[in-house]
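Shared chain: chain A. Partners: chain B in the first complex, chain C in the second.
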Partner chain A sequence: MPTLKVNGRRVTVDSDATLLDAARAAGVEVPTLCQFDGLEPWGGCRLCVVDMSQANWDDDWFKVVTACNHPVDEGMTVITDSDRIIETRRVVLDLLLARCPDTPLIQQWALEYGIEQTSYTPNPDPDDCILCGLCTRVCDHIGVSAISSINRGWGREIAPPFNQPPPDCIGCLACAEICPTDCIPFETSNVRRKIWGKEFEMLRDPKTGEAVITKEQAEHFAERSGVPMTYFETSDRSKRREMAKTFEKLQVVK
Partner chain B sequence: MAETPCSDLSKAEEILGRYPQEEPALIQVLQDVHRAYNYLPCDVLERVAEALEVPLAKVFSVSTFYKAFSLEPQGDTIVKVCTGTACHIRGAGQLVEELERQLGVGPDETTEDFKFTVKTVNCVGACAMAPLVIVGEKYFGSAKPARVSKYLTEGGADEN
Partner chain C sequence: MRIESRDQFEALRKQSLEIETNRKQQVLVCCGTGCLASGSKEVAEAFADEIAKRSIDATVDLFVKSTGCHGFCERGPLVVLNPQGILYTKVKAGRVEEIVEKTLVGGEVIPGLLYKDPVSGERVEQYEEVPFYRHQVRVAMRNIGRIDPTDILDAIAQGSYSGVAKVLFEMSPHEVIGEVATSGQRGRGGAGFNTARKWQSCKDAPGERCYVLCNGDEGDPGAFKDRSIMEGDPHSVLEGMIIGAYAVQANEGWIYVRDEYPLAVVNLTIAIREARKYGLLGENIMGSGFDFDIKISRGGGAFVCGESSALMRSLEGKTGEPRAKYVHSTDKGLFDLPTVLNNVETWAGIGAIIERGGAWFASMGTERSKGTKAFSLVGKVKNTGLIELPMGTTLRHIIYDIGGGILKDRPFKAVQTGGPSGGCVPEELLDLPVDYEELTEAGSMMGSGGMIVMDDRTCMVDVSRFFLAFLEEESCGKCTPCREGLKQMLHVYGRIIAGKGQAGDLELIEKLAAGMQLGSLCELGKSAPNPVLSTLRYFRSEYEAHISDHACPAGVCRELTAFEIVEDGCDGCHLCYKACPVDAITGVVKELHVIDHEACISCGACLDVCPTDTIRTFPKHELEKAEVV
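Presenting the complex of A and B:
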């Protein structure tokens, strides 16, 4: 298990940990936007940059790296609040604020780094998407890949194929839930759900009538897990009720 | 998707047959499809996604990323006007205007008879010949608006 120093604090972490894990283990906060525990790190938002020096490097030699996807090594030194790191993050946030001038999350982070208004020309037609890629990555992770990043440069955006309701979407809302700026619109009710222009029928508990998940979602999970469909149409309340009944019977036996 | 007519998929099948049915072949297949159909028809993309076992969203992502791919039907001959710095200074703007006058279409548009598609490009690396008009595979250096119709007949003839 490698031991390294984060802002002067010594920490020992697993050998497959990242610099971000090490910083967190040392109780040091590093800002992130595109990172989510459980998803492969991506290094897209560039907000988690830190200064890093390997054990065998000269003492004053540091390299700027993204903490979220950089592996740890024995004897490393990590500094998360050097002047150039703060300045780098400031530039990143300044650019993000130019892209999304009206997005509260970006405004907050920018303010934290002393930026009230972007020094660049603000996007004349802004939305809240910061292109962090979390939505497409979580969709890939679930094994659906219904949406992707399209076009390039200025015109880059997240969209389903041909900008039409995506045939592969299972309506799980993972993309909308994971979005740090809540910019993916959806509607959901006890009966119907709508996201990316596609409509879904909700699977409902046969006993209580509660909406559980969409039919497509249940089928997707049932197919991949081998768990029968009936498991997915049972609501949490029904499951607890069943469990309580089982316990009741156990007490009778006792 | 609904309004586009069905493409002849046999050409796509023939292209797919030339490559291993896996993700790394995607760009090669798309390039060949583009050459065969003059653009990337959406039903062909669906077939490619299915054959290579790549999610349709990924195929669409790649198709929209590269400038070399078009999702709209294109004319038989592509007319490119270089609007890089050197060409811009030497009058690329007038060439675009002249093309618009003659063909009735602006940049990124296709004539109604699907003969020509006009595009502007940023630099073709031949600044010494500025301004440049490229009709099909033919490069016309020191291009002048007055000669545009000649370029179109000369370059367009090669394609047919």
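Presenting the complex of A and C:
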């Protein structure tokens, strides 16, 4: 278990931890926009940059790296608030504010770094997407890959293939749930669900009649887990009832 | 046909060399992409037709070879006659019969086809004596122009695959890495990482297999050295890769070629097929027991796929986007296995290093940058083309002695090295010896070896904007600083060039550049501010003139520049009248011509054609002042 110093605080972490884990363990806050525990780090937003020096480097030699995906090593020194780090984060937030001038999440972060208004040319046609890639990555993670990023550079956007309702989408809403700016629209009711232009019929609990899950999602999970479909069709309430019944039947042995 | 032992290889080599030396009269026709575009295929065909005719009277035992790029693309199509050693330039198919009749049969040189030295004005007969070639030292490009790239026996005759025979039968993998370490060779893709150290790391890394890759995704505007090597001598690349694979004990390799290089793909494919046929690739190479095979992967057209991690993602069939490289690709590269990725030129040099020894290679170059380096010399220089020189050669030597100086003998302004993310080096640094460190210190970089020469008619603000626009188009958009930063940088440049620059714009650019350098994910974004920062460093006054005086000192930026014809210089040649695309020039032959400022779109076409240099540029706002008066 390597020990390293974050802003002067000594901290010991697992050897497969990242600098972000180490900083958090040391109680140091590092801002992130594209990081999500449980998903592989991506290093896209560049907000989590820190200054890092390896044990065998010269004392004053630091390199700027992203904390979210840089592995820890014994004797490392990490500084999260040097002038150049703050300045780099400021540039990143200033740029994001130009892209998404009306997005509260970005406005708040920018303000925290002293930026009230962007220094750059604001996006004439803004939306709330900050291109953090969380939606596409969670979709990949679930094993669906229904959406991806299209185009490159400034024109990059998140879209289903050919901007048509994605045939692979299972309507699980993970993309919409994970989105830090809530910019993926969807509709869901007791009967129907709609996201990315694709409509889904909800499977309902046979006993309670509650909408539980889309048919596509149940099938996807059943296939991947080997658990029978009926499990996914059962609502949480039904499951609890089943369990209560089981408990009632149990005989307590004295 | 398949070579089963070293003896068989040596016998084949001897036999091929004999065939080569027995050819009494050889005609080498350059069939690189540049010369092909100028019609060299027709020239080669015309020679072939002549052979057919001549074989009847059997006066000349003629052998025509279509070779790779000779480098002197400016003067193509090029034809070299051996053993005479005569170079004919700008040869058209129609003159082939004359060449055969006069030179080959009659032994008489045709002066009109010889190269004319722009400096001395003299005609140069011998290929070796042409200044463009005389100063060069060719290692990676040693066989280009000498061999027919589609004929493996021709390559073997010139020494190809001898290095493979040497390492497989005489050297241990450890010794191979040692020899390359002695050479001091560094990566020719631009970053300049030590080749031997890269190989050693890969060899030491744990993993059930490892891979060797060749980066042929050359995409910098104006760079074509890798293309010429892959087209003109694909065998040198294969040879280097086989040696590298043996050193790290890899059995599989890929060449990632830019799909816009069709001839390179064809020639590499033929070379791989031939090498397999002769047992130089595949299982049990030359009967040594070592297996290694190479596949070609055609790039999908994104510039960023030349970046190592993006290239590997692309090879894996994923989106070609870079990922953070805190773990080296020599530890976890392609499919997360140890991988050696080297540039085309790096691989091409390996065979020569093994054959002639690392010490020979290290005897050339500077202390920290050994050997030779290929450059694509383009822009406002008389002799454009592909050259290879020892490291440490000065920019002045390259531009003036090999390049023949600036077109129309105009003043030199800057040379842009290292591709779009390189920097512009000004006149006061012309004596800079070119190596990795010196260029970096000057605010530029070695990069792809591209050299774009600029004259006084170049606006440095406009040039920087051009490179930024290229990079903005090619940024993958994964990380914020590169995606948003390049876009915003262009916004600022757009207003400066339009004369609407504001106080504080230069500081804003500098702040943004620093953020991009520190914050971007890959080298594309990190190095994108180079052209900006180097021009700000050496040509800051030009920026200031745009912002505070609303003037473009070079007379390039259209919205700031007006043109007029100086009265006493114009001899009424009428050329500008014909060149003007909007009919803004009036005047009759042999009389003074006049530019209508209202109609003029400031394109500069008139200035470019004016033989008497009597068209001058001035800031557009002076026109408005004149109107007020």
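Quick notes on this one:
Heads up, the rule we're going with is that the second predicted complex is superposed on the first by the 250 of 254 C-alpha atoms of A that agree within 3 Å, B and C clash if a C-alpha of one lies under 4 Å from a C-alpha of the other, contacts with A are read in each partner's own complex, and residues count from 1 in each chain.
One rule holds for everything that comes next: a residue touches a chain if its C-beta (ideal position, glycine included) is under 8 Å from a C-beta of that chain, and two chains touch if they have at least 3 such contacts.
From a predicted model like this one, the values you see are computed outputs, not experimental measurements.
Ranked by how many residues of chain A each touches, chain B and chain C are led by C. Within the superposed three-chain model, A:Ile147 lies in touch with chain B and out of touch with chain C [touch as defined at top].
Contact with chain B, but none with chain C, is seen for A:Pro161 once the two complexes are overlaid on the shared chain. After overlaying the two complexes on the shared chain, residue contacts for A:Pro2 are found with neither chain B nor chain C.
Shared-chain residue A:Val92: touches chain C; no touch with chain B. Judged by the touch definition given at the top, the superposed model places A:Pro31 against neither chain B nor chain C. In the superposition on chain A, contact of A:Arg84 is made with chain C only, not with chain B. Put simply, chain A uses residues 148-149, 151-152 to touch chain B in one complex and chain C in the other. Those residues of chain A that touch chain C in the shared complex are 43-47, 49, 64-66, 69-71, 84, 87-88, 90-92, 95-96, 98-99, 119-121, 131, 133, 148-149, 151-156. Considering their complex, residues 302, 304, 319, 323-324, 326-327, 472-481, 483-488, 491, 508, 511-512, 514-516, 518-521 of chain C touch chain A.
Those residues of chain B that touch chain A in the complex are listed here as 1, 42, 45, 55-61, 64-65, 71. Chain A makes touch with chain B in their complex at residues 136, 139-140, 144-152, 160-162, 164, 166-168.
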